[in-house]
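When the chains are written out, they are named A, B, C and D in that same order, and each has its own residue count from 1.
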Amino acid sequence: MRLTASLLGATALCAATAAHAIDFEVSHWWTSGGEANAVAKIAEAWEATGNTWVDGAIAGSGDTARPIMISRILGGDPMDAFQFNHGRQAEEMIQAGLLLDLTDVAEEQGWRDIVNPPSLLDACTYEGRIYCAPINIHSWQWMWLNNSVYEELGLPVPTNWDEFVDTADEVRAAGKVPLAMGGQSWQSQGAFSVMAVALAGRDAWMAVYGDKNAEVAAGPEFARVFEAAAAARELSRGSNVQDWNQATNMVITGEAAAQIMGDWAQGEFAMAGMVAGEDYTCLPGLGVNALISTGGDAFYFPRQDDPEVTAAQKQFAAMLLSPEVQVSFNLAKGSLPVRGDVDLAAANDCMRKGLEILAQGNTIPDGNMLLTPDTTQQLNDLISEFWATDMSAADAQARFAEIIASAD
Amino acid sequence: MAVTDQAAASPVRGASAAPLRRPMRLFRNLSAKIATLPMILTATVIFVGCTGWTVVHSFTSSRLLPRLDFVGLDQYDRLWSTPKWYVAIQNLAVFGVLSLIFSLVIGFVLAALLDRKVRGEDVFRTIFLYPFALSFVVTGLVWQWLLNPELGIQGVVRDLGWTSFTFDPLYNRDLVIYGLLIAALWQGTGLVMCIMLAGLRSVDDEIWKAARVDGIPTWKTYTHVIIPMMRPVFVTALVLIASGIVKVYDLVVAMTQGGPGGASEVPAKYVMDAMFGAQNLGQGFAASTMMLLSVVIILIPWAYLEFGGRRRG
Amino acid sequence: MTETAAIPPLAAASSPSVSIRGLRLAFGAVTVLQDLDLDIAEGEFLVLLGSSGCGKSTLLNCIAGLLEPTDGQIFIKGRNVTWLEPSERGIGMVFQSYALYPQMTVRGNLSFGLRNARVPREEIDRRVARAAEILQIGPLLDRKPGQLSGGQRQRVAIGRALVRDVDVFLFDEPLSNLDAKLRTDLRVELKRLHQSLGNTMIYVTHDQVEAMTLADRIAIMKGGRIMQLGTPDEIYNRPANRYVADFIGSPSMNFLEGQWEGGAFRGKDILLPIPARTGGTARPAILGIRPEHVMTGPLAETAPLRTEVIVDIVEPMGADTLVWGELGGKPFRIRMDGQARVRPGDRLPIGLDPARASLFDARTEERL
Amino acid sequence: MDGPRGPRPRRILSRGNIMLYGTLIVVAIYYLLPLWVMVMTSLKGMPEIRMGNIFAPPVEITFEPWVKAWAEACTGLNCDGLSRGFWNSVRILVPSVALSIAVASVSGYALSMWRFRGSETFFAILLIGAFIPYQVMLYPIVILLREIGLYGSLWGLVIVHTIFGMPINTLLFRNWFAAIPEELFKAARVDGAGFWGIFLRVLVPMSLPIFTVSAIIQVTGIWNDFLFGVVYTTPANYPMTVQLNNIVNSVQGVKEYNVNMAATLLTGLVPLIVYFASGKLFVRGIAAGAVKG
């Protein structure tokens, strides 16, 4: 019933503003094949309301897009909506009063009740007010394996990290890279974090990333993680690619056996026509600890003077959480919907696994929600250096603990 | 009274009567001053003003947005305790020195070769110069590809049968800076060559005749006579190359993104990463202030020598 | 205010065309012109002569308005022009390097100033045609400067001043870039031009032949000061000081060191009675005698003072012969007739005429 | 390497000549190699690129990558390739080049011929400014543009390009004008031309080479700019490089090297044409702009 109500509410909003179609500029960095396909679903839904979608896509991840977004907002000529990883990144803009308060929309639509896990909405909340519309859940804790690589070698497809490591030598002997890894620093750091969750366990991970406990960071659980990472970096030697989806592509084409990457990699497999469970296998939590983080993307709305624009922004925010958009967008993107009450009938094997874990509540917050971008950047620098050099696990751990100790 | 009398009495040809006192200093060359207003504004408002703004904000804890909550030298403490910053300045030093030397040497040698009445000089010159028309992004892209171990030069040579051949500077931490150098030189030496060629052309032919009569070997004529005569040319080339080196960013991002594992970090990238990646504006401003400081330390004495003492007329 | 505007008090019989009062120019600590006063009469041809760096071109640039003086005033036709733009001063200027606008035709070059002054079209055409006729550059009017010879270019440069119908012509070493033959030709033409136009002309040069041949009066400058202002005859025959004496004349004047006392100059080996122009006591002095004023041959016999010079070097120059010898332990030059037969080592009898000699105070170097 | 410069009877195949031309040709190959690879790759299909040698000419020539780069490649939702930004780039380029050259030439002229107290100081600041990484000034300029109400407009971007092109171009113009005989300037003043008259009617007509150099530098810089184009304008005005960035940086499965290369060449075409067309003027201009100081 509630669903119907909110739908009606959304429709009412649509009807109210449809008369004044406006050019609605949306900035995002979803430009890869699967991403663009997903964002097109939102655009379609938006244009169906009679408004115009002005696409402000900038390729090259958040680092390229961020100065553009902030400049636009500072310069007083902002876009109407922009994509941000929700988390602590936008805090300051909220403090400076640059972002539109969505609390009324959220209350009207009952976001508090429909958004699952609720932590997603918490990440959008600042001093009790809601400033962003979460759109999907992305989790990092996945390992993707190409089944055919193992079939050719006559090996069973590994079901956890240890099995993967055990078979790695044979994969290598066959002239393939066991673990694909792109050169960008966030990739190695992300993979490291995934290994940390899986191998050190939830409590230790939360102690370090959540409570910034440097002792745990220097402790034996993380020592094990660094040892494993040291082993993993050997397994990734030979993957001479930069971008994450090039690395994914190595797995798709069978040049590499596996990749640790977030669930967005799924979009690439889908684009390549591969079927989850048949052509490729996904192991949440590396098959060790089936936990997933609930990061994801959200849309923020710069405050504007024009009431029509404000109305359109609210309309857009409401639309993003509508069941239709949630289903169509997340199916295309390979991410999970932010509301637990929609039916992903078309969800594939991997998404189902994710949904199950989500339903069980085996979630952890995303690193972006716990760490400031500053700390994240420092970790990126450390882990990517660790990954590319022969830095010993002990040295890396010592520096890791230092960064955690100074994190705010 | 005297003014009007005077003006009436004298056979004035010009439009205006003679001014009887020295015009105010401020209004002399007024047109020139008005015309240079854009330059003056750029120099003061943009280069001094914005730089000052940056320096001031480097003492704050600004993160995503510039804010004036001062934290003293915290950002600098942090800067100088970050290994990445040391890597960045070390890389800049190596890259800077090498690219200065190689640009000047290659540029000069190419110019000297072309200056020897070469047939098809225009063709060669165009070939050497055209990369300058391409952006660093394009340069980075092309060379990233040429240096790709599987598809690029290494792969091709290996396919020819020399399987142990290794040339993968972009994936080797110790060599990555040289990989960048190869691309940077490809893009930039053409212009240096052009400047040098112009300098060589300005050398009086009689110098060559004199050197020939005196029996001085060609190379010695270059090192002892020609190069010292070309000082202003070298200065211009130096300014051009150096300003490019300090700002090198696009190329690194396009070719290596600072990798592998941060081995090709440079200060400008550190600044960008801090400002936009880490959303720590204060840190980025502190790093850029350090960059600026070193530039100023190097440039002020030069600018003083170059522009301080001389006057026209 | 009225003081600065007043007509210069030094006004001579005919009102001066150009007057300079207390002109001083300094760049920082360096003083280039020091307290110059100068009056140039209407229609006069004044040459500013001096070696490079003496301030002659600087002075000309001040008159032209291309440099602003630090102090002092400049009047042209009684009008205080000190702070006027060059084009408002009623002057025309001709430069050493011609300074023709390379992208304009000769016609364009000639008419540029008139076009700037918004002179009507027909008037421009008339004046250009007249200037072209005077300077015989009519056939060149539609060429670009790059297609002209040096002499032609300089004519165009002169024409550019001519068309503007100005009171005062300023020449800044206009002939220095030309070869010797052309220089002589143009010099004569300039003289003719001056005679026919009758304008005031101020001419800067370092070439004393040009100065002597062209000038009504010559101002010899050194270190930002005028050392002597006078007719060529005065400059040549009665140099005001040793510098002027040395500067004018080629080969330059012989100088003998000695003592002046009691109406006579006493140097090493010579004693020359000289009528005292100034009284006063005995003092160290320098005797100057031009090489061409040294009498040789039969004339030497009649001279008030006779002595001998041992010939060192002989330079035959066609019209005359320059003989280098030694007198009183110093090199001594004598200009002789071109037909003179002298050989190194000869003892050459010479005669000196006190009337044609100059005497300078050894300390102040001023003429006695 | 032996033998002095100048006309001297030389055998075509003398040792010196072989070394001279040999060196030049080897260096020319180094410079041409990337262009060759770019062109060849852009004419190949993806399978051939995977299999083959990057230096080899295409077995089967296809223009599809060019078509795709120009008209089909996607930027987010807009799949009309580089063509989308081309006219935007032109609209940015023309006023930016014109204004920046106008300002720089006038400044250089004033600095060389109408010096006034402090003018050299401003110039020195300007030159030091050339060394400041422009990322540093990104935000303050945003704030400045906002204050003067030009943020987000085409003219705001034009001003930014003018500002950042000013140091080097002013230097070039200043050196060029300083090399012009001072007497010419004096003659024009005597002829009654003022500040603007001398500039427009005497100096500009004789300064084609330096204007060419400046134009080339500005065309190259502005055409290749990405950062300012996206930071100071709105998507309606995004230049071509934004599409290039999106094509190059957003990988659709595999990197389509052929499309990347075609896009790269297409984007570089305008500055390249300007280069080739300018020919000797560039060298002449550089000569006068750089040699004197």
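One rule holds for everything that comes next: contacts are C-beta pairs under 8 Å (C-beta built on N, C-alpha and C of every residue); 3 or more make two chains touch, one makes a residue touch a chain.
Computed from a predicted model, the values in this text were never measured in an experiment.
Among the other chains, the CA centroid farthest from that of subunit B is the one of C. Among all pairs of chains, B-D has the largest number of C-beta pairs in contact.
Chain nearest the geometric middle of the protein is B, using mean C-alpha positions.
Between the CA-based centres of subunit A and subunit C the separation comes to 90 Å, rounded to the whole angstrom.
Computed from the mean C-alpha positions, the centre of subunit A lies at a distance of 39 Å from the centre of subunit D. The distance from the centre of subunit B to the centre of subunit C, each centre being the mean of the chain's C-alpha atoms, comes to 51 Å. Contact of a single residue of subunit D with at least two other chains is seen at positions 138-139, 194, 245, 248. Among the residues of subunit A, those in touch with two or more other chains are 67, 70, 74. Chain contacts: subunit B has residues 28, 272, 275, 311, 313 touching two or more partner chains. Note for the complex: subunit A touches subunit B at residues 63, 66-67, 70, 74, 89-93, 96, 183-185, 240, 242, 372-374, 376-378, 380-381, 384-389, 399. Those residues of subunit B lying in contact with subunit D across their complex are 25, 28-29, 31-33, 35-36, 38-40, 42-51, 53-54, 66, 110, 113-118, 122, 124-139, 141-143, 145-146, 151-152, 155-156, 159, 186, 190-191, 194-195, 197-199, 201-202, 205, 208-209, 211-212, 217-219, 221, 232-233, 235-237, 239-240, 242-243, 246-247, 249, 267-268, 271-272, 275, 281, 284-285, 288, 291-292, 295-296, 299-300, 303-304, 306-308, 311-313. Across the complex, subunit D is touched by residues 61, 64-66, 85-88, 91-93, 95-104, 112-113, 116-117, 157, 160-161, 164, 172 of subunit C.
Touching subunit A in their complex are the following residues of subunit D: 74-78, 138-139, 142-143, 145-146, 151-152, 227, 230-232, 234-236, 242, 245-255. Contact residues on subunit B toward subunit A in their complex (touch as defined above): 63-65, 67, 82-84, 148-150, 168, 171, 173, 256-263, 272-280, 283.
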